[in-house]
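The structure is given below, and queries will be raised subsequently.
Going in written order, the chains are labelled A, B, C, D, E and F, and every chain counts its residues from 1.
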């Protein structure tokens, strides 16, 4: 269960309205790496966490903080969009397309749909959607996703920081940058901790390493012209997982046969010249597979 | 420019058709962490890379390999869907809803739309879309995203490996698992290399660290009930970036004022009792801001 | 079956082109509360209506009108986008990015994709999609959705009315505003009629009222700091349904246990320390549940 | 800022796993009218509310409760998906497509992507997106949307209640049904209160009623064959807004001219026979409109 | 303006309910090539048509028919979903997951959201969206798109025809197949007519043929291994446009330079080693381009 | 398997940066008819092709070329976005909303998300998604879709050609226009070849022509007011398929009964007055249909 306090986690007061910037700031609210994404990603990771204890508690602490970040950015956007009194001059301005284009910022829906408020969308007006988040149940996989999200998030915040001189906006972004710095460090540390606790190793998941084809787990294939890639640390030496040696395969040759599609079911009307014969199965209902048996039982 | 060879990178031949599994395998083709995602993510990272040389070459080598993985999975799905000749018995089977539900697998579009072929969609039939990828121009941020993608990808492949006993499918997945192991190691190594080369540091981006509020870059806030979080390595000690010390803030208090929205523009018809006064700006067109000046010039 | 007349339901002639406004007007065409939404929402409600008679006829009358509104807005947008002859001066203008930005309005697809015509998209270029509509079969639930849609629609129309001085555009919007006024009244009246006819009551659906926990159907929980909420008419007194009394629960305490996830299936590789034991079920195929029985029958 | 308690608002414990039902229950989590929708709709309405006081406090109280409902449903789904130990029998079962289809429920992503956890998606696997919510700043419009959302939500909960006999699931749904009953009553009451407080009237928005064409605000047009619609209370008498009289227009005739598109800009290559002459405007850059003036200033 | 008649264009009565088939039939309603797509594609083409006369009239005739096809399929789906009385036996059945999976068909939203009615979605539950349609203003381009849509539509209808033995469903599909046959013929004829009328030629658009590089308009590049492609009629001879000769370029070599990205703006924090120098422009505001001039005017 | 060469297929070098144009050019990259669409459409058609030989080889040749076109456009966009050094003047410019609006072009994500690089999105910032492509297995249906895609693609390229005077951009577009000319001719020729080879006929699919209602395969219904449609070549004469004669049906009358929905399942709470009786089926589990039989077997 959740509780809400009235004050914001940190102040979100621009010195003056700026509808163009309000539009850009939407990226931190509803973009693929905005605050909404980390909020929902961490909440679902916490709810899907299979161990009560320090990991789950950490995830839920940060998840709960991030809802507050959504609130801060949403509030900042509403204030950046603060409207003007309806004077005759404003009406004239609105009739002028150059000025009108700027008046409305670049996101007409902030005005028409939200009445001068924030949208849950990115800076191109594309709505936030849940395919932006991941909560796989594997904490190592998910913490890597969290590092990535915080890294992209701080990068975008830094870019946006350079796009404004408003002291109030910059004040809030200085706080956000610091939190993103902390969170990157924190998830990196948590990755170390998973290994220290013996819960996960380097490669995700720590499974099937003996069943996969080990001979294909070491060589990078040189499939793009040029061999500069062999000058990197990934061209030889021990891998981070301590199990494999890097190598670089020059002039790689394919290992499989041609990628043909099988003969088609005639009732699906694929274009076909018969050269590959009739389809070989699964002959649903005609044979002794489980489906045939089910069919037999039923008729 | 690209070239195509007829053989697949690795064989993709199931022992027998299995439409239900074909449906699940779509996740590795068009899911958020499927082969299409790493293909397009690496291609755009390569095209957006600002330095010719080893990093760009590595990215393009792997990107080009991944197009071949899309081809392998697509071919495998077409073969798993291989259809049956149209016998009278099959027609009867199709008329039986239990059998029919299985006959068509669980993805009707593979049959109705693709005529027994693969879709560029995930295992719920949701089409692949480009918000699944990121190419920010910052290689550290992007390589973390690549580690995360390969980790989720190998995790999903491992789960799918356990869902089939078909030797042909498992043969291909053993190859895929190995490539995902390699690619996780490789991106982790590339992250080390970026730092060794002095191009990036630990925190993304390596900028604004002196402008952000350092006092907020160290303490995790205890916003979810319970203090188990303080038992982790992230509760104290030096951070991975070597610049900050971790701490854990118990009983955290908000630092901002209340999150109010400003008084509304009356022409937008937000419900308002006047208690906050009239909106303060930006008085578009009425004053000496740049817009006012533009307006003056034009009229 | 449908028939089409050539004249529009109401005139849609702007006095002069205005590509910036044409872009904004897209919101009334393809936005979540635009004419396309009410058209398809009412059509599906009509087709899903389980009673021939006055309700179905009303729904189909209004649905059919709304297709004509889509036509009016689409025509208006095409006319607002009316292009210029290709003079040398125009080409120079197009080469100037400031002017170019305005020339193309703010929706490049209206020009590049639609050749100066309307798009079935909102004012941010996001395509209309069918999750914007609802047709549940329950008329009370759906008529509430209709009131909501007409209310948001008239609100957006009113905002757009203030953004233009073009007499031709305003002429059409005056008609649209009037229709939205009528339709709000009409759906409110139809809600009353459903109750007068004894088909529905206040709460949707009129069912399970005796099975739900009545003790939780009265108190609003004070989960956000501040108790101003208790000053409203919803803090005490009889509810609109005549069955419950409002109350306000200050300092509410959670009623459930902790929100833990169960022990995971080991083959799915969730991170797990074993502290919660092995998963308890459903042991597919191993026991005497229906699945076990099916399995037994088949093997 | 938000805080989180460990206990759930209400218990969410199924008696036994049921993956097929877990899939259906996704509708209440990530569907267009699920808990995520009301959570984000109320949060954005609260943040966009222009008046501190009872309305904003009520909205935030309920919004905060709804985050807890997302948590309850997510927890319930994880528990309904509780996995089986990996026995040889299970593997055999998984190899049988009939059983396999059921084993995985009907949402493969719950297994492959979420590792047996909840997704932020609906019961067809379609991800939640932010176009499901509205926060217009106009409380009357938004409260109508809230009534509609709670009505559809309770209707879907009631349908799902009938699809299970699990006492634990039903226990939670009895609580949810009750909350939906309360919330429907509450928003209806809040609508009354807005009028009692003189902030809004019946029609949204309370504006432009004198500028709209009053003569078109009263008659429903009989555009679908049949006149049963005239038997309803909406065919005559005073409207709910107290300003208009209902009427029903039989045999309605269109009021506009034909819906033609204007002559096209030749550089856009629309098919055109010249019959309508050359386009009339806006002659960007060639004349004395604001754009021409801007152009003149710049060159 | 549109009018609606009560009878369907053609009968849509299944002999008996079949929820699994109802789910599949959604593809013809809300799929990328379903009836909704041709309806909206033709309506927008008609509204965007720049010539009153035979083409526009034809488009509007067919568009209006297609709305009626949406109505027919929607009605058919509702009837295929006709529900059962709530008996004790049914409840038991619903508690059995095998039967339950089939009971609900494969689209839970048809039951939970639409109450046993049709959805505006495809057979995977993905909502129809407006990016499925095109109306470019160029009739030749659009008529080709129409042929393609009718071809895919008839193909899917034919596949669905084979998936049912219900005489009522087949009766309707026999009508639909015939209409799709007619419409394919009709759009092919209309393409001929555009050329006969001198409005369009073979290549879309009939423009810039003298400015494009003619030497690159004839040779197909052999970029995929194998030369079977040269055995087709497209390897030599006159092209359909009568202007070019086909050829096939074996062993093609790239014509451009390397695909490098330029040096980055340092404030965007792309990873960069400086090897390509500083970015060369556009030096916004610092120079005598149009932006600089605007800037000068304003300050 | 695929290989990559460093040089581009054709040069992609603008003379100077132009962020506004970079934004528009996104349409050719990630739009519904951009290079990404033809790439993935042709790849999936090739992988889904059921005949090794000339058709499959042609499709794969062109598909492989199109990946290179994605690369060309992506490179061009990055170069058009080339950034400015961070001077004091630039900062001032960025603080000016008019200039700022243009500085950032009209796609903030190109800057904030991609750091001055291309996005896989269209010119409205909407991400590319896989519902843009089709690969049905039927080559005639798919080649028509390919003609349509190349036609729309060349049309959009031509429009974009007129929107720039940059010699470098025009150089690349002259190449692209030529390739689109070739590809239109090529797919038209391939359609002829399918018929010459006896694999397909005129109507897609070449099936069920004897089962469809031939009497409904000839007459266009005059459902939109006006009879100009009868002046076209589609009003009489032999159809392109050589099997039917065109006719035009004036004053068409519906052939079906009224479009009613059946009586509802009471447990789904559709509003219902009982006038249509109880639902007639399918009485799941209670009778001797296949479901009843399955139920009997299991219990």
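Quick notes
Assume a contact is a pair of C-beta atoms (placed from the backbone, for glycine too) under 8 Å apart; a residue touches a chain by one contact, two chains touch by 3 or more.
No experiment lies behind these values; they were computed from the predicted model shown.
Chains that touch both chain D and chain E: A, B, C, F.
Look at the contact of chain A with chain F and you find different residues on each copy: under half of the numbers used there are shared. Chain pairs A-B and B-F differ in how many C-beta pairs are in contact, and the one with more is A-B. Averaged C-alpha coordinates give centres for chain C and chain E that are 24 Å from one another. Centre to centre, using the average C-alpha position, chain C and chain F are separated by 26 Å. With centres set at the average Cα position, the gap from chain C to chain D is 5 Å. For chain D, residues that reach two or more other chains under the stated contact definition are 1-9, 18-19, 32-33, 47-48, 52-53, 55, 60-61, 63-65, 68, 71, 74-75, 78, 86, 94, 96-98, 101-102, 106, 111, 113, 115-117, 121, 124-127, 129, 131, 134, 136-138, 140, 155, 158-159, 162, 205, 207, 223-224, 226, 254, 258-264, 267-270, 290-291, 294, 297-298. The touch graph of these protein chains is complete, with an edge between every pair of chains.
Taken in their complex, chain B has these residues touching chain C: 155, 158-159, 162, 267-269. Those residues of chain B whose C-beta lies close enough to touch chain D in the complex are 18-21, 23-24, 27, 31-33, 98, 101-102, 106, 122-126, 155-156, 159-160, 162-165, 223-226, 254, 256, 258-264, 268-273, 275-276, 297-299.
Residues of chain C touching chain E in their complex: 1-5, 7-9, 30, 36, 40, 43-44, 47-48, 60-61, 63-64, 67-68, 70-71, 74-75, 78, 96-99, 113-121, 127-131, 133-138, 290-291, 294.
The residues of chain C lying in touch with chain F in their complex are 1-6, 47-53, 55, 86, 91, 94-95, 97-98, 100-101, 104, 106-109, 111-113, 115, 121, 124-127, 136-140, 194, 197, 199-200, 205-207, 290, 293-294, 297.
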